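What follows is a group of structures, each given as structure tokens.
In the two complexes below, chain A is the common chain; its partner is chain B in one and chain C in the other.
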Partner chain A sequence: MRKVGIAASGLTEFSKNDSSVESLMLSAIKPIFHETKNLSQNDVDVVLTSTNANNKYLANIISELSGISPRTAHTVESLCNSGTNGIVSAYSYIASGLADVALVVGAEKNDSPGLVLEWDKSRGAYTHPIYWASMFASAHMRRYGTTLEDVAYVGAKNHRNAVDNPYAYFKKMFSIDDIMKSKYLTETLRLLDCSMPCNGAAAILLASDEIIKKFTDAPVWISGIGQKSISAGFTKNEDLTSMKSTVQSSIDAYHMSGKKANNVDVAELHDAFSICEIIELEDLGFAQKGMGTSYVKNLYDNNDKKINPRGGLVGSGHPLGATGIAQTIEIFQQLQGKAKKRQVDRAKTGLVHNMSAAATSSTVLILES
Partner chain B sequence: MNTFEQELKNNNFVCSSCLKCNKLVWPPSDFCNSCFGGVTWRQVEKTAKLVEFSRQGNEVFCIAEFEGNIRIMGSIKNASNLKVGQSLTLVKCDYDSKWKFILEPVI
Partner chain C sequence: MRKVGIAASGLTEFSKNDSSVESLMLSAIKPIFHETKNLSQNDVDVVLTSTNANNKYLANIISELSGISPRTAHTVESLCNSGTNGIVSAYSYIASGLADVALVVGAEKNDSPGLVLEWDKSRGAYTHPIYWASMFASAHMRRYGTTLEDVAYVGAKNHRNAVDNPYAYFKKMFSIDDIMKSKYLTETLRLLDCSMPCNGAAAILLASDEIIKKFTDAPVWISGIGQKSISAGFTKNEDLTSMKSTVQSSIDAYHMSGKKANNVDVAELHDAFSICEIIELEDLGFAQKGMGTSYVKNLYDNNDKKINPRGGLVGSGHPLGATGIAQTIEIFQQLQGKAKKRQVDRAKTGLVHNMSAAATSSTVLILES
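Let's turn to the complex of A and B:
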């Protein structure tokens, strides 16, 4: 397989400002063509669109509107981890030699049909994601004594980080007290424990090692990939204190890259709800089981931006099809040393974790400068 | 409305069962997810195990597991001193665009 790297990226602000999916995508693509040296539309072999919107033939439409005539154009949809699925597909095209340069663009609107998986009837009347998140929270609290205050540290940390992210949905800090007093949606979940559906887009340009230096002097390499789908129905994740698909994805990504959790300098974790970050820290090997809470509290107390420096989904907002790409862009910028106020010192190795539908599927990427 | 949902609306919780290998197929499907054999419908036992629960206002919602395989989300009425792992019994099921399950503790 050929080496594949990230050459360039573009983002829109995550907001409730109304815009079409096409316009959002073009807004994220525009800076890639404006700011990347030697890049023209003729260089792009593959265009992949990542969204849960019901727009048909979208990758071809975006290609035409961008002046690109690619060999391959199609949409990748996998609910909340559509974005990293798009990146893995693009990686595969390039690594196999079918393409040299691929553009992946993801976008979503706040009323996306991807917010609830209608197929999963096993949720009964409890179809909204807050119910599965409450089950994970209750299980973790029961087994490890995790408290609502422990969970509030995730939100307080990520909202604080999001203040330095110009593209984030939230522009203000929330204290532990603010979160503790926010509206209780269930016994174990409050409004400020949740990520917000919003409008937004993210785009990323991948290229083979044979051509990438034409576009950037500081490529970031994708050195590890792990993906796992255990089911579509959320009740198949037997142990609710863990995300089985995340555990397996991380094992594969660490194996492929030759890295381990203790080699990772900076990471983006999929905190669709604050409790998710605690569980993921444990499942990805950053903390021992039951110790995710103290790991987060330590990050908060030391203003350490190692985990979710852009503010996570809780602080940045969650435009489903864009999220995994935005997470990857954050690690790309961190490893290039271009993350400004969010920069983690001497970051050389990063991790992206993106999951869907109560962690029934997960993607883990390892990136290296 | 499919057969499963029609039965649910009749307050009858059924599940597809493989005609070839006898596997209980969950979620309901026209094909066995082990051997792709055809299926028939059979009654699910009324007793379930409480896997996890939480509350929304006065309402208790839960994950319940039937026959060691079938997990659903439903509500629990007459809930007090609940313990994960305890037995529940299905007192009502229904279908109204969503599957609905109401359980209560086995005393």
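Let's turn to the complex of A and C:
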């Protein structure tokens, strides 16, 4: 298998500014061509678009609008986990030798048809993701004595981190008290525990080890990949204090890379809701089961940016098809030492965790500089 | 790169029988698990769904309904070329070593949102694909003196072939005269020159060379792959007597496989409209430019099933996301010697050609037994 690395990236601001999915994607792609040395449109073999939008033939349209005439062009969709599905697919085209260079661009609008899964209605009338998030929170509270204040630390930390992310939807501190007092959507879930659907795009350029040095002196390698789809139905995840697909994905990604949780210097975790980060810290091996809350408090108290330095989904916003790519870009920048105010010291190994629909499916990537 | 082969397949009838996309997909998957020795749901690492339907998280839903808990699951969309995009993506997961076994299932309904591309409206008010097909026909007529009767031979041949395809939408002979007298939709395009949008599904199982012998004694290998996206806009294809993306895809697929057109024993060509088959025969190297018409007449006169033995899209119907997979299944069965009444003698090497939107993008696959 050929080594595959990340050569370049581009982002738009995550916002409520209305724009078409096409325009968002083009804005994210633009800096890749402007800022990458020796890169021309002719280099790009694969263009994958990641979105829940109903647009058809989007990868071909974006290719044409970008002046690219790729071999392979299609859309990848798997709800909130679309972005890393696109990246893993691009990886496989390059690793297999079918392609040398692949562009993956994700975008979403704040009224995306992926926000509420029609299918959910057939599995217990979950008319909104807040219900599964609320059940995760209740289960963790029952088993480990987690409190609403414990959960509020995730939001306070991630919102504080987002202040240093120029692309974040929120750029505003929220205190523990602000979060404790924000509107209750369910018994165990408040408005400030939720990521915000928004408009945004993210683009990333992958290349084989033979060619990547033409584009960058500081490639970041994808050394571990784990993916798992447990089901489409939340109720198949028997233990609501854990995300089975995340556990399995991390086992595979750690195995492929030869790294473990304690080798990871910086990580992006899919905090669609604050409670998710606590559970994921435990499932990914950063904290013992039931200890995710104290792990987060410790990060907060020490202003440690190791987990979700760009502010997570809670601070940055959540344009579904762009999220997994934006998460990967953050780790790319961290491992290049280019994350500016968000920079984690001596970050050499990073982790990306992206998931869909109550973690019925997950992706875990290990990146190394 | 690891060798990748086709181990098994399943089809539904192509029809107007109303059914959900999920039900269609499950019906196509069912025979794969029923008829493949030693195959269990646990063997499947990747599930890709190919469709233009707006359903979200479909690959995960289909996985759950099929009892599969794959690593990778997502939808692939690239209009009419979605099916072979799914197959090439599955190929790359296996060839790269990320997966051993992949299931690709495509389905479409006759009212698919992929039938008319919104984008077309921004590139000259093509409110329906019949307009680009009509322009292809007019251009070929102008340059090579092709007549409407020449074009009618494609339909007569493919409808005759479809009579022996139990899954075909049409199972009825149409004479040259029937086609000549069918309703004119444009000056150069009649109703019986068109493929029919319909409901249908097709599923195919790919596996690495290490594992495929567990499932079948007669694997069919994917030895050549070519893909090209020229643009999303028909007008970029300067010469309307040729499909630039098809030419480039065939060059790459022939090169990768070491085969040429004259090595191909049987082929599936994307005859969304009858004129397409004539142009594709020329672009793929089966006939000299301008000689596609006499090539087709020769096939017709000799009842030679070499091109579109299952009846092509014109005879079989065109459920968009399923089409490329159904084409590949036909060549799989031909190379296994299991195509029954449609069987082409001593077929060892086959070709699949699948395209989207006026051949603005194409895929060519070379298969070998």
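FYI, the second predicted complex is superposed on the first by the 365 of 369 C-alpha atoms of A that agree within 3 Å, B and C clash if a C-alpha of one lies under 4 Å from a C-alpha of the other, contacts with A are read in each partner's own complex, and residues count from 1 in each chain.
One rule holds in what follows: a residue touches a chain if its C-beta (ideal position, glycine included) is under 8 Å from a C-beta of that chain, and two chains touch if they have at least 3 such contacts.
These figures come from a predicted structure and were not determined experimentally.
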| item | value |
| --- | --- |
| Touching partner for A:T349 - first (chain B), second (chain C), both, neither | neither |
| First (chain B), second (chain C), both or neither touched by A:T127 | first |
| Chain B versus chain C as contact partner of A:T146, first or second or both or neither | neither |
| Chain B versus chain C as contact partner of A:T186, first or second or both or neither | first |
| First (chain B), second (chain C), both or neither touched by A:S361 | second |
| Contacts of A:P70 with chain B and chain C, given as first, second, both or neither | second |
| Of chain C and chain B, partner touching more chain A residues | C |
| Partner chain in contact with A:A137 - chain B first, chain C second, else both or neither | first |
| Chain B versus chain C as contact partner of A:G233, first or second or both or neither | both |
| Common interface positions of chain A, toward chain B and toward chain C | 233, 236 |
| Sites on chain C touched by chain A in the complex | 1, 47, 52, 54-61, 63-64, 69-79, 81-82, 85, 88-89, 91-93, 95-98, 113-114, 117-119, 225-233, 236, 249, 252, 356-357, 360-361 |
| Contacting residues of chain A [partner chain B, same complex] | 120-127, 131, 134-135, 137-139, 142, 185-189, 233, 235-236, 240 |
| Of all residues in chain B, those that touch chain A in their complex | 26-27, 51-56, 61, 63, 71-75, 84, 98-101 |
